[in-house]
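Labels run A, B, C, D and E following the written order; every chain starts at residue 1.
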């Protein structure tokens, strides 16, 4: 050490100085204020999330507790009953909801995906009409469901289509209601397919439709399916527009799609039961909510499973 | 190497067989005379320019691409190499707002003529991209995609096998043709993309920085492959790697960014186009020399 | 140049003032003796390795980075240059599943020691990324971001100006400090990112392929800037451009991908680390020579 | 030369199908055009829907405004279309809609954004993968269920928690609003999370690289950069809140009071429509047409909201790309 | 099992019967439908609740067979039916009563129509018990919260007409409960000094949560509580009323509809019992059956 010249000595000193500064700096940690702020912020975030989840949990629990005395399989197999609400069930309403939703699927999937494909793959965005269509879809997604009910009443049940108060009219109304959501979700799924896949296909001499049909769509299916299920589960829970397009409340047989002898749906029945004077019906309504939540949860879980199972990571 | 040669040989034989009639002589290697004037031209570009939404990206490019050559496009980032390459098989048609000007002949025919069908063009002129972009399907389906959409469903297995052999990938994947292409390494994926391209039997292959995402070993394999493939196809390759251009290409075009006086507009233009050796050892322009010697860029 | 020197001078003075206590001698330029053994070390890496979700990306890297040097990391794509660089300011902490092993000393202090705060580390060790990543804010706010979060709100205008001057950007933007940073060209954006980094007065700057997205003119400007900045900072730069490494760096580390027997695993390791001139003219290893001469990669 | 021609021929035959180097399309591809037309028609259906909505609202509304002046409708402060004599001042129900939406947003914005920031910046990928869909389930809960939950669970709970408020009656604008908030939390959380996740990692890294803490990165970099998406999510949630029927019908009541009170019973626009359209009102009366006039106003309100949001999103967006 | 009374269908009928209209009457029609279907499993009966107005709209368009109504059909609706050639008859199917309810803790037991009207009339200034003139019990001057059902309901129309003299005439500043009449019960149950009005059945089912007030009969001057007897014998005035269904002449040509209505009238006691309404008297039943028969004859 002693052999070191003065220059080297100065270098060593400087290094030691820098080191001590650094040491202090990296060990000192952040100012306490920052740490506290960060902790509080994090706690608030957790609180926000927790409250939101708590709301969901409370909702489910509340319904389950209120309806617990009626929670049994009978709920799924028995018909509505005015005489003995204790043994009443939602069989026909569930069946009606299934038919309604089936109709929604049959209509929204091709039309929604078709629209999404058109907008994403074909439409030239420099053309004003395509922009109008896009804008229009965004607007429709925000239109209140009750307004769709009015539309359904004026245009589908009566007016131009004049279908009458049949289940199919309800299906169409709900389809129109969720179509914008389905289109938006499908567009997102299609957009998530990287352009390189399209380029690869075009470069092999595939036409546009071949590219869409063989590459883009298969890759977008999980995303589309998820979007569709989430949209459809919203349709399944809608009450207000169905009231307007004439879902009857007391039906003791399984409805048909085109039959003009009335139909009902699960949320409509729940609503109706809850309004009754007799407390037995209130229990029935709570039990119905549990059934409804079960259906929604099932559909959502399926969507999530689909997403996690088939999601393509690019 | 001996093995490679015999592989190439067998491939050539396969082609001869496919040619169908024995009377046609398949051109032996030796005839690839380098007398430029006489050589068959695949592309002739005359004052080609491209605009994106009205803004010029490249301007006034004139050059000829010869058959069974590897032609390299080099130049700094943003000089329009990819843009130019994508004109050659009308991939630019897919970009809204892209316009091509000038004349671009393909085997003497105007590639942008009114009766030309871009889909047909892309069948003849294949393309390999910078990032390997296999389809999210099995290896087999990736290669079979092209033949299938062309409606050539007969002898598909054979087509797939010979395409994979040509791309020097067969040995590595023959036991797992049904597994997903995403399970392959980057280099394998890129060779798969080349196989996919070969399977539609194009006339010309365009490659846009095919090795830039790959490790040196994969890169080496693909370079070897290119040299093999040029017996059969004409190849245009974009690369940012000058060593690569020097290693594989026959002719090299050097593009550069031009700025106008107030630096508001910039576009790519062709500085020099010549035999690769000339470009790298004795370029005609100072800017080329600066670039290839690493002084800029 | 005289102007530049005086600018550098004044900056140095500012730092000396900032050093706070007069007792610490700030090393003058002349002392940058190249006697490696004696030079002050900024980083000392001893058998550093990184794993992503258990899979090794780089292994067993040992090297020393010296003060006021530009140290270049070169190597083929995927060899772990970025990974290694991101260890140096604990950016890897942000990637879930990333683990660092080995010893990594910064000014003699264990950078991964239990009481070290990564946030604090990143204040001292700035970083510039491959793609210019200005915030979607005004030019001024971009540069002021760092000082603001550090709570240094006094003399902000001055800090911003001097940072922009240091990044050789002041003249170009002084009239539009309030306009959005996205309106700048790529090269200007990258210099803005450098200015933003300088504004927090780091000790060391890490740069990950800072020019790969830029045109040659912008690249030239940033290279000049780096050489200027090294008077004040230590710089570690990753580049895929060997010419760039040769032009700007003092020392160069060459990393390479290693494959295990069955090609299933690959990781980066350090082949050679030496003075830049040595690496490029007379490397000790064959693989380095192949790489720098363009035989592979 | 001969040799070359021969090769050309060989390739032509080798390729098998059609004339070899022809650049013309082998067929006119009518199928492609037909498909494009069909897809275009699908997209057009949405325009038809809008037109139908406008017509079905406009026709009876014109009838309505033949009997009630636009001025009385828009600026009247008393809403009693079923009373004798009737009053058609729409302000009370518009205000009620705003009040319930306000309370909805009051809970949903902090909860939704908090959850979104947590999910995008703090949660591990695995946590995000389970929590986000769970939240989305909340978006699918039938609103009837939420309505009853508000009426029978939240209302008593809130009275216990906030006994100093002037509670009266089972229905309260504020409670209904909070329940609406519960419904729209997932919309804000999920869409804002999408927007924040879409912020390029580069920006985050830049901020971390400058020594920013996680909170600063979230609040100073990610949040502002995702603002357009966040605003969009909030506006969509607002139109859902404005358009929500069952919750307010059950939990806010049907008293068209012109009030801002938290505990007061109010009637919103949707509640009016939902109730009156299924009530005992004879069709063809002015009262009946009122439903459509209110529907039209509601439609226009959500339309304006949405247009504003699209504007905002576009403005912000231009700055980032 | 009561099919012998209903005309001896013996379960061999088939077809569908569509009923729609008032949600007040719906429970009755539902109970009738359910009991009828037990006997005639081949017949599908559906009951909708589009409201009286909505029900008549469909009915007069020929879309339903029977319309439930909690108020008599209006001129416009009659005209609509006429123009579509729909013949109909008003058939009473039950008695109903409205109850004015207060909290069980409230000492008041009886009110006069004038007092109720004082509280509920248009522009009423009553907002505490002290404002109500002539109450027999001393209730001090506690402030009075008011609850009433949705203004689109038959209950509202009936109450305002009976108490304030004209349909729709009422004060407007009260808690309008809207869709669910249980809201009135819960509101009054939760506030010692609240007052509201609801259909009788909601009081019946409320299990003592609220107390129905007696109403002083304007003629006899006696306080009358709402019971089956008082409603049936007409002493619970003016808040007793009949509930009606409107069958169409065309529908009555169908055997199953005729059988159903006959069943509805004959089995009135169990039906009204299930729906907690007041059953018809024998005389009322006969009158109803006569109307049905006359419509069948045309």
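We take it that contacts are C-beta pairs under 8 Å (C-beta built on N, C-alpha and C of every residue); 3 or more make two chains touch, one makes a residue touch a chain.
Only a predicted model underlies this, so the values are computations on that prediction, with no experimental measurement involved.
J.: With centres defined as the mean of C-alpha atoms, identify the chain lying farthest from subunit C.
T.: For subunit C, the chain whose C-alpha mean is farthest off is E.
J.: CA centre of subunit B versus CA centre of subunit E: separation in Å?
T.: For subunit B versus subunit E, the centre distance works out to 84 Å.
J.: Just curious, how far off is subunit D from subunit B if you go by their C-alpha centres, in Å?
T.: 49
J.: Which subunit A residues touch at least two other chains?
T.: Residues 30, 207, 274.
J.: Where in subunit B do residues touch at least two different other chains?
T.: 119-120, 124, 150
J.: Give me the residues of subunit E that touch two or more other chains.
T.: In subunit E, residues 23, 49-50, 179-180 touch at least two other chains, as defined above.
J.: Quick one: which chain pairs are touching?
T.: Once each pair is checked, the touching ones are A-B, A-C, A-D, A-E, B-C, B-D, C-D, D-E.
J.: Give the list of subunit E residues in touch with subunit D in this complex.
T.: 22-23, 49-54, 56-57, 70-71, 74, 76-77, 80, 122, 145, 147, 150-154, 156-157, 160, 166-170, 172-180, 183, 186-187, 190-191, 194
J.: Which positions of subunit B touch subunit A when the two form their complex?
T.: 89, 91, 94, 96-97, 119-120, 122-124, 126-127, 129, 131, 133-137, 145-146, 149-150, 193, 196-197, 200
J.: Quick one: in the complex, what on subunit D touches subunit B?
T.: 3-4, 6-7, 9-11, 13-17, 21-26, 29
J.: What does subunit D use to touch subunit E in their complex?
T.: 78, 80, 82-84, 86, 151, 168-171, 249-250, 253-257, 265, 267, 271, 274-285, 288
J.: Write out the stretch or stretches of subunit A touching subunit E in their complex.
T.: Within the complex, subunit A contacts subunit E at residues 80-83, 164-165, 246-253, 260-264, 272, 274-279, 282.
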